[in-house]
């Protein structure tokens, strides 16, 4: 063995000014921005939302005004971008206002499903045993009673309406998220880092909140994104069964239903609401994918 | 395991009971009864006579008790909608088309969805990914009655290749199955993509590559199995949801299946049939969850062995 | 050194690996050149985080790109340029030309398949044998890596095994490929010394039997002393020194190598403080100019801080990168 | 102290950022020497191995750990070495109550914690920290390293976000990682770097007891020295007690006061460090010492190994006179005291092994 | 099989019109032989009955059956089978039981139904095998029209199997021109073949055909039609222009003889004020509504009776004007100038398929917009299942309804009867009731017409109890190759109604 090193000018290394530390969210944001599709999805979603909010300023008439009765069923034109519907209403206006209803239903149901589904799923997956048993029974009950039945019943009891649909969509949307979270957490709770936190004295609530749920983002986001079209579709099916959002309030589901009658000839009445729904959900899911990738630090954007 | 299954079956009974009470109360709390008449009021005397004939004049708990007592002996009563046969006979005939079409729809849609999701995950952020996402999203957002209508327009009205609707020869199955398959396909594509991406990041995938396994083997054996938990979670409930018939698909394709009975039994206050349908769903869902849980254990040995916790 | 005349089985020239980060890229490997001949055994030692694992992952093309950005003047495995290889070629190469024992055995196994399944599938990926024969072979390999109760272990899942057992299973799996080169990244960290010694012996025996090349990445200089012919010392993503093993131990030339040698805990008894190299490792995203070691080097001067020292040949098979030696 | 340098001049002593000053949440401090920091009594663990799928399953019982009695005095460093798979990690996990023991008791600072619930355990959790053997899986992939290291403070509600962050970066630096690592993720690290993060996390709370399972296996000698020195300093300054599980005998020799050797789930020999290295009695201990690699490439030799079964059979036989204390009850090999503080698993002359 | 035709009720219980009308399975009318029926010009024709006559006092009718009538199983069809059908209906719970009191006024009917009198006291009797006598409580000049819904029940089969004879294809015995060959229960799709034992008038021209209930929805029917699988398809509004372009010659329209009207709870504010109701009536522009949102689906309906229906009165129609100006004034008079202070009201309608389903939603949304615009009234819309709606209507849990009504038998009394006190609506208009009662039993047609005009005047203009809106029509298309009398439009441009079932299926041919 050779000469041992002497004290080195090490201070120089340490003295270098520390770089600015960035939080994990900042990195997530960067990863998100690097994902073109996600940014496009997010922007489209933003635009649709803004259009819904500022509907009165961008549409030629009110959503229920039958201002163009003599033009009823007119095809798209410069004056009526999406044509006129069978009741003489400007269809573009209807679509824009329909976004209000459909987005509210879709997003509140999705939000609710996450808000209910995550804690319940987490508790069931993490504690297992009796908690799991009870939650699973609740889930079973909710999966068995079909939303349509519940809707028809509640419709008959409460007089139906917009909020009833939101409530139904929300009440039945959470089951899937709950199951997904439960499964993911069951798989993750045995991981070493979870035990590491437990070894530190972390409470179950902490472990679930800080470790397990963030590690379950991808099923959660998928569940969230899927809940949106499901809720919107529920609204459409309820309209089909006559328990939907009462007319004349425009909603995409109801418009699609109505458009079906006109599909052969007056195609615009079915096509535009369907496209609106599809674009919204597509944007949401691109956005969701981007979000998922961004929140996962092991993913690097290209 | 046997003990576990027995215990689970016991809890199925609990759910069964709770659901039966809930449904029963729900059904009976909707105003109106099965013999209230349609267009014109039914004379009071007639209505009373009919109600008495079917025991509907009894207090609710008596009705419930009677019905459940029958159920225990596999007697689900006679549907008001279709006298002359029992509820079980009705289910027996009406369920077949739903099961065949819905089941095939899921069985075809799921593998397609899995492939689509895989392609998307493996080619993340490429045009394949975007295409797969779009297809999946369209599958989820175009209401199934619109899809059905489009299929009919294209394949039977314009091209004339397939019959438009009806039930019978297998060529009549193709379009409804296609309509049914869209939702499982789309759902699975979404889940698969995300689960695959999760798994592809795992260090053991690198090891598998290092061992010289072909990409196909890695993806189809290892990544698939590791990604399958969320897929298993949604599979059986989806299967049940689809295989018990969709009122929309069945209406569009005139499939004489179970779907319309879910609605008509509520509309016509057909208590025996409605109860039977719900109880059937209950049992199927409970069993589905039981099977899913067993599958989890099979797929993930760590759950099977309860981890280090013994 | 064996077979120097023959074509090298691994050739690395000016390998660079960069991981882009939000704030400055991490330059994990910064121009490494190396060659390994058939049957030869090479030790790779060096600072933790100096790019040892990353360089050899790059050789196998196992770094996920993105994020990794790999460049090399030449990167050949069994004569094939891996940077240009098609996927099927890579599949062919991996396992057969070179097999790798990974540093972290606990996460290296697929958690949902049994150990046996994973070894058997490896065997069958390279050789057409029946399941039964492959199982017998797997069993034999497990026994050779000193796993008791091998029959039961074959049917166990990764989470049921201790760290050391997994490490040995990993070794068995790598050996089952019968590679031309075995890249062993810290293969014995989780093993007690008796097992370690037996496994090292096993590897040596296999080298003799099959003429297998060996790359032993390790921090255990005792292991280096016992198993390899030639040693490469890395620091800050670069090769600092390369020497035949005996010369390295007897006459380390580079100041980093010397500092490393001093840090080895001795065999003397009694509790005591150990010698460490003063100073801290450099920030990988902002490595110092000049010689990477200069901030901690006792002999460093202005030149070391300004210019990168060239790799100087100091004798047959001996190289070092240090201004003080040229 | 020969090395010195930055590691010495760094904020080594005293709590970083004063975060730990109000150290009152834990159980009352106990005067040194009075009670052992950690005591394991007759600890055992059985695993039930199930195989053969879901339906046709066979269950075999595996005694991973049996009859482990260990005492870790306050401020002591006990090395636990042994065969791979002999139950060292399992013992450590049980001592942490991360794995429920099948039998036996765990006492922390004299308190029996074997049956405590989560809430009652929490103050003890703060006093007993762990470095897991598998440092990769022990780090949450979604956390930056600063978050990982700060997590113990967060769990115990110490300091605010900013001060925790600072403390975490300080600790990263103390284990030889540049502060910039604070914003990186576990998968971006080399094996040794991960291990150091795990160590920093375990030390940031300045615990009374540290259970370290192979904490330095992936470190180069210099960094290893740095970490070992750090542990020694903490031990000296704060009476840190360490259960040090390792295969690296030279590190064990320079760090530990006492060493226990495990073989097949049991302690087979336990003695002060030097006694183990100089006068080991158990054949497994001897085999271990024999197998330590020699640092001189010229002395390379072909080794022969004793078969494990043979070692297992070769139970030391003690003459009655050699036993210095009371002979434990029972038949078969059991730990018998020989000489000061030295115990070895043996049988008495005349007993069948 | 010659052709497939769409039906319109996929659900249903008994294949027996006399057991259950509203929930009948399929179209038992095709295989059952009513006493009388109508041809496409709405002329009454004796089917089971060869002739009939009214007694001097107008209370007793004697129907004589045709000779040699047989059931499809060869068993003779006798007066007993007709009489039994009604006796069973009166005693055995039948959802049409009210009809024979309301429409025919058969003596003692209600008492028997309510269990207060024995069935033997009922005013019907089989005098001999071919003679039925019916005694009514008051003169019913239109009884022959009412009995177009009187079908025989094969008593010999019923004696053996009970009501369930009508749920099993093997025991279904036909009395009409066609008989059932097979029955797909899931959607009540039925195949009919010619009844070889049929000896009555209008023998069918088709050998066999299917009535597929699931093809009644235009959305489903038209694709099947386009694919050549269907002989006739109903069209919805969006499909009409498409088909006009392609098969304009094959398109037919038929009158349904129905009316859609608004009704109120006359005792609750705000509709207890006649001015409010009148304002609502004046603010409806029926012409615009039917020419825009309801194009091809309805014609303006300013009176209760549809044009072409006996008793339709142009004088009444002419009084209906669209006068928003006046409507506003009236509303202001009622205390709601410009709609100010007018409570939020909701109009309830029933969820229904068919032609009603097609017109209701657009019509209500149109009204909603018009009322908002002309009167400043906010009117919500709510749809509900038929039963709930019915219950709400009778219990008056809401104050505003949209009600459809389709004729049961062809006579003004049918429509006027629904507004009779305590009938469908809780109206209390003694003058109206008296007039309608009088008109119902008067024997002279002219006299009756005058009385009805007076009554309608009171109902629609003096009291504005209801506001008739439109009379729906149906549009459909025949496949090429389907011809026969039933496909030929009548003078007024309309063709045979789908309600004229016995006529329709016996007057079709298929190439």
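The letters A, B, C, D and E name the chains in turn, as written, and every chain counts its residues from 1.
Keep in mind that, in the parts below, contacts are C-beta pairs under 8 Å (C-beta built on N, C-alpha and C of every residue); 3 or more make two chains touch, one makes a residue touch a chain.
Every value quoted in this text rests on a predicted model; they were computed, and no experiment measured them.
Fewest steps needed to get from subunit D to subunit E, stepping only to touching chains, is 2. Two chain pairs, B-C and A-B, are compared here, and A-B has more C-beta pairs in contact (counted per touch definition above). Between the Cα centres of subunit B and subunit D there is a gap of 53 Å. The distance from the centre of subunit A to the centre of subunit E, each centre being the mean of the chain's C-alpha atoms, comes to 48 Å. If you average the Cα atoms of subunit B and of subunit E, the two centres end up 39 Å apart. Counting only residues that touch two or more partner chains, subunit A has 4, 7-8, 10, 13-14, 19, 22, 27, 152, 156, 190, 241, 260, 263, 296, 298, 302. Multi-chain contact residues of subunit C, defined as those touching 2 or more other chains: 22-23, 104, 107, 159-160, 259, 264, 275, 277-280, 282-283, 286. Residues of subunit D in contact with two or more other chains: 2, 4-6, 47, 98, 134, 136-137, 173, 179-180, 183, 187. Every residue of subunit D that touches subunit C in the complex is listed here, in rising order: 1-7, 47, 49, 51-52, 60, 77, 81-86, 89-90, 133-134, 136-137, 173, 176-180, 183-184, 188-193, 196, 214, 217-226, 228-229, 232, 247-251, 253-257, 273-274, 277-278, 287-288, 290-298, 300, 302-303, 305, 308. Taken in their complex, subunit B has these residues touching subunit C: 202-204, 206-215, 217, 221-222, 225-226, 299-302, 305, 307-308. Residues 57, 60, 62, 64, 87-88, 91-96, 99-100, 102, 104, 107-114, 121-122, 125-126, 157, 159-160, 173-174, 177 of subunit C touch subunit B in their complex. Of all the residues in subunit E, the ones that touch subunit B in their complex are 10-14, 22-23, 93-95, 97-99, 110, 113-115, 163-164, 166-168, 184-187, 189, 212, 214-215, 217, 219-220, 223-224, 226-227, 229, 385-388, 390-391, 394, 424. On subunit C, the positions that touch subunit D within their shared complex are 19, 21-23, 26, 45-50, 52-54, 103-104, 106-107, 146, 148, 152, 155-156, 160-165, 167-168, 186, 189-198, 200-201, 219-226, 245-246, 249, 259-260, 263-267, 269-286.
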